[in-house]
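As written, the chains take the letters A, B, C and D, and residue 1 is the first residue of each chain.
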Amino acid sequence: MTKQALIIGAGAGLSACVARALKQDGYEIGLAARTLSKAEALTKEVDGASFTCDVSQPQDVAKLFHDFEAARGAPDVVVFNPSYRARGPLAELDPAEVLKALEVTAYGGFLVGQEAVKRMLPKGSGAILFTGASASVKGYAQSAPFAMGKFALRGLAQSMARELHPQGIHIAHFVIDGGISSADRPNPEGEPDKFLDPDAIAQTYMAVLKQHRSAWSWEIELRPWVENF
Amino acid sequence: MTKQALIIGAGAGLSACVARALKQDGYEIGLAARTLSKAEALTKEVDGASFTCDVSQPQDVAKLFHDFEAARGAPDVVVFNPSYRARGPLAELDPAEVLKALEVTAYGGFLVGQEAVKRMLPKGSGAILFTGASASVKGYAQSAPFAMGKFALRGLAQSMARELHPQGIHIAHFVIDGGISSADRPNPEGEPDKFLDPDAIAQTYMAVLKQHRSAWSWEIELRPWVENF
Amino acid sequence: MTKQALIIGAGAGLSACVARALKQDGYEIGLAARTLSKAEALTKEVDGASFTCDVSQPQDVAKLFHDFEAARGAPDVVVFNPSYRARGPLAELDPAEVLKALEVTAYGGFLVGQEAVKRMLPKGSGAILFTGASASVKGYAQSAPFAMGKFALRGLAQSMARELHPQGIHIAHFVIDGGISSADRPNPEGEPDKFLDPDAIAQTYMAVLKQHRSAWSWEIELRPWVENF
Amino acid sequence: MTKQALIIGAGAGLSACVARALKQDGYEIGLAARTLSKAEALTKEVDGASFTCDVSQPQDVAKLFHDFEAARGAPDVVVFNPSYRARGPLAELDPAEVLKALEVTAYGGFLVGQEAVKRMLPKGSGAILFTGASASVKGYAQSAPFAMGKFALRGLAQSMARELHPQGIHIAHFVIDGGISSADRPNPEGEPDKFLDPDAIAQTYMAVLKQHRSAWSWEIELRPWVENF
């Protein structure tokens, strides 16, 4: 039986690379994004199915998993990528933006994690991967909303790991500590691999998926060789 | 001029002890709680002023600081204690409760912190103390909402420390790692000081307030001598 | 040209599994142990070369790398496993044992790391893997010497990562958080995979070796699915 | 009965300030340094007793505590400050210097801690304070020996806290995250309090000593308001 993967927050470079790596490994791919257009090209490329979903809305997330399950069955792998951030001096931040950062980055992670777990528990297996950032472990000045959302997502992932590893579900949290390279952000001339190659990140996601349950990681940090940390 | 303190989430044991310690140190005390009745006795005891406030509501928090300032001027010390938690297997948690945990524990911390900072920046001084818990640094099984809220509050406090320390505002986050003793939770017979004495916690809050700016702590953990950690 | 690996502290289950995994990946294998007899069977199995070395002795470590280089050239991968521990109430520990724990676990790691780096810098490539333990990040009661040695080894690895990653040498530190299964320590009846399978650990070592330099991990924790953490 | 304090590594600015603060609080002061001349002026100032001791030598440390006890009785407070560091590219470090860094910074901490504990356990009380640095929690490039020593000292302190807190002995580890001001290192013109004032550090040492056992800290970080962290 073909294994099923669902990638949330599709469209971005990392999601696409993870989708391709999973496809190559034999998974069937589901892609969820706020707007279908974002995931269109990728959906075609990996011969996947696409879904729309605002991860901060419980009914959206419930519908996503209901539809996915109806079409594909319970997911074996779920990857959660979305985040929302607002920057600026603390005194000048718009409270509505701060709330949104929490709702998308952290509450969205919970909603997705919960729906995934409900479908993985009966099988006693599955993996849920959460994408974090430098801000998951370090609260930078003028970036409180991102720190709040990413710290909370990390707390969720750690709590889930403690609860769900003994039930056979692998929870992993990735601290992506650096910028990800893309068409819009190429490595500067003469500074090769200054930014994380999203294919290289995806390679470690796949390695974690293949870990034997006697030696699971719950958290993995990744950064470019030249990154100051 | 008398120094002004505002304690948010008043009524609980820790808030009362912090209020008394600040009073004894010469501060005038403001107490904010969801319902006035909660803070009534304490208000009388410390000859303070009380306010109602749902910390998860921006307009409530704005009004609280507006009213406090009108009566007392800008606060010198603000203490943030509120939290909301929900427990249970991840698959069984009520999403509305998870959102509320984030809104009270973390978003409330931001709203209070922001209003405080707006009033402290013009003076270039002040202190904001956030009360954390074991869950601030460890995500326990079956306790994801509390971990999410407290991790996020810690991310907020750390980001604020990095931004605001160089502007003269002291941000401190306290990891209270153990149960707090109270009338309802006395130390067991033969196990003295098994739970944190809220007066002892307040003593360290006061010590941090008195730190010289050349040697500030941004995070302090406190636990009973017999606590397993 | 065949890639060269040198595994220090050979003989134990983990070293053997790492040796086999490297061999299968095409590496030629060198094995170093305090006594040749310890590594004999494994040397034969992986068609490797064996060396004697007390890692706490500078001249031993220098000779090891000199001899290895003479026979095989500069190593591409070096794995450091040795540790020494003493247990007991702090007041009852033998100081000589504490010093030995530091010398084998931490100073040995430095001596090996330094000799490896000297040979990798000219090539601008290579990888050095350090094996840590739960005690690398948590100082347990009645186990101060092990915590001292493993904390120090972690400090070494982190410092080396900051210095040497930008020079093309990958430093990785593995926090093995649980018991490793072996013939002497099989998983209990009815508790499958309660201990880390050394082959499963080796699989993650290999995955880290294959990471692209744009997305390197410097630290990876591994624990059994049922481990309490 | 007068309380007795013993400060190891006397002479430096911090030791002197801690000695004065303890003296003012009513303690009788013992000062130990590698050479008596280092502690002479301070000994006179605080009307204390001075001792010579190389903290990396078991017999020296044993004699120090024996002599102190004979003159003053069991110490109530012991402060450990010594450290030794070597800097440079990893490949160029002198192994003998690395070993010395471990012996002074970490092994010395153990020897002092052990002798102190032996005398505090019978009373079921006492406090041992270890002075750490930024390098206690962050391994900087080109500074492996200092990281190794300070990480190890932190592992020792954490292990001791877990073991000895429940026996009534307070262990505290201070992460001094920044430069300490002194006659040789005054704050730059126009940058007040850029370096830690040793009197300000001593103030927090005293606050920790006064903590009630129901709310003990085992680790406290201190840094200047303007320090980048």
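Keep in mind that, in the parts below, contacts are C-beta pairs under 8 Å (C-beta built on N, C-alpha and C of every residue); 3 or more make two chains touch, one makes a residue touch a chain.
On a predicted model such as this, the values are computed, not experimentally measured, just so you know.
Taking the CA centroid of chain C as reference, the farthest chain centroid is that of B.
Put simply, the C-alpha centre of chain A and that of chain D have 44 angstrom between them.
Averaging C-alpha coordinates per chain places the centre of chain A 32 Å away from that of chain C. Each of the following residues of chain B touches two or more other chains: 162.
Contacts between chains close into a ring here, every chain touching precisely two others. A complete list of chain pairs in contact reads A-B, A-C, B-D, C-D. Residues 162, 165-166, 168, 170, 181, 193-197, 199-201, 203-204, 207, 210-227, 229 of chain B touch chain D in their complex.
Residue ranges of chain A in contact with chain B, taken from their complex: 58, 89-91, 93, 95, 98-99, 102-103, 106-107, 110-111, 113-114, 117-118, 121, 135, 138-145, 147-164.
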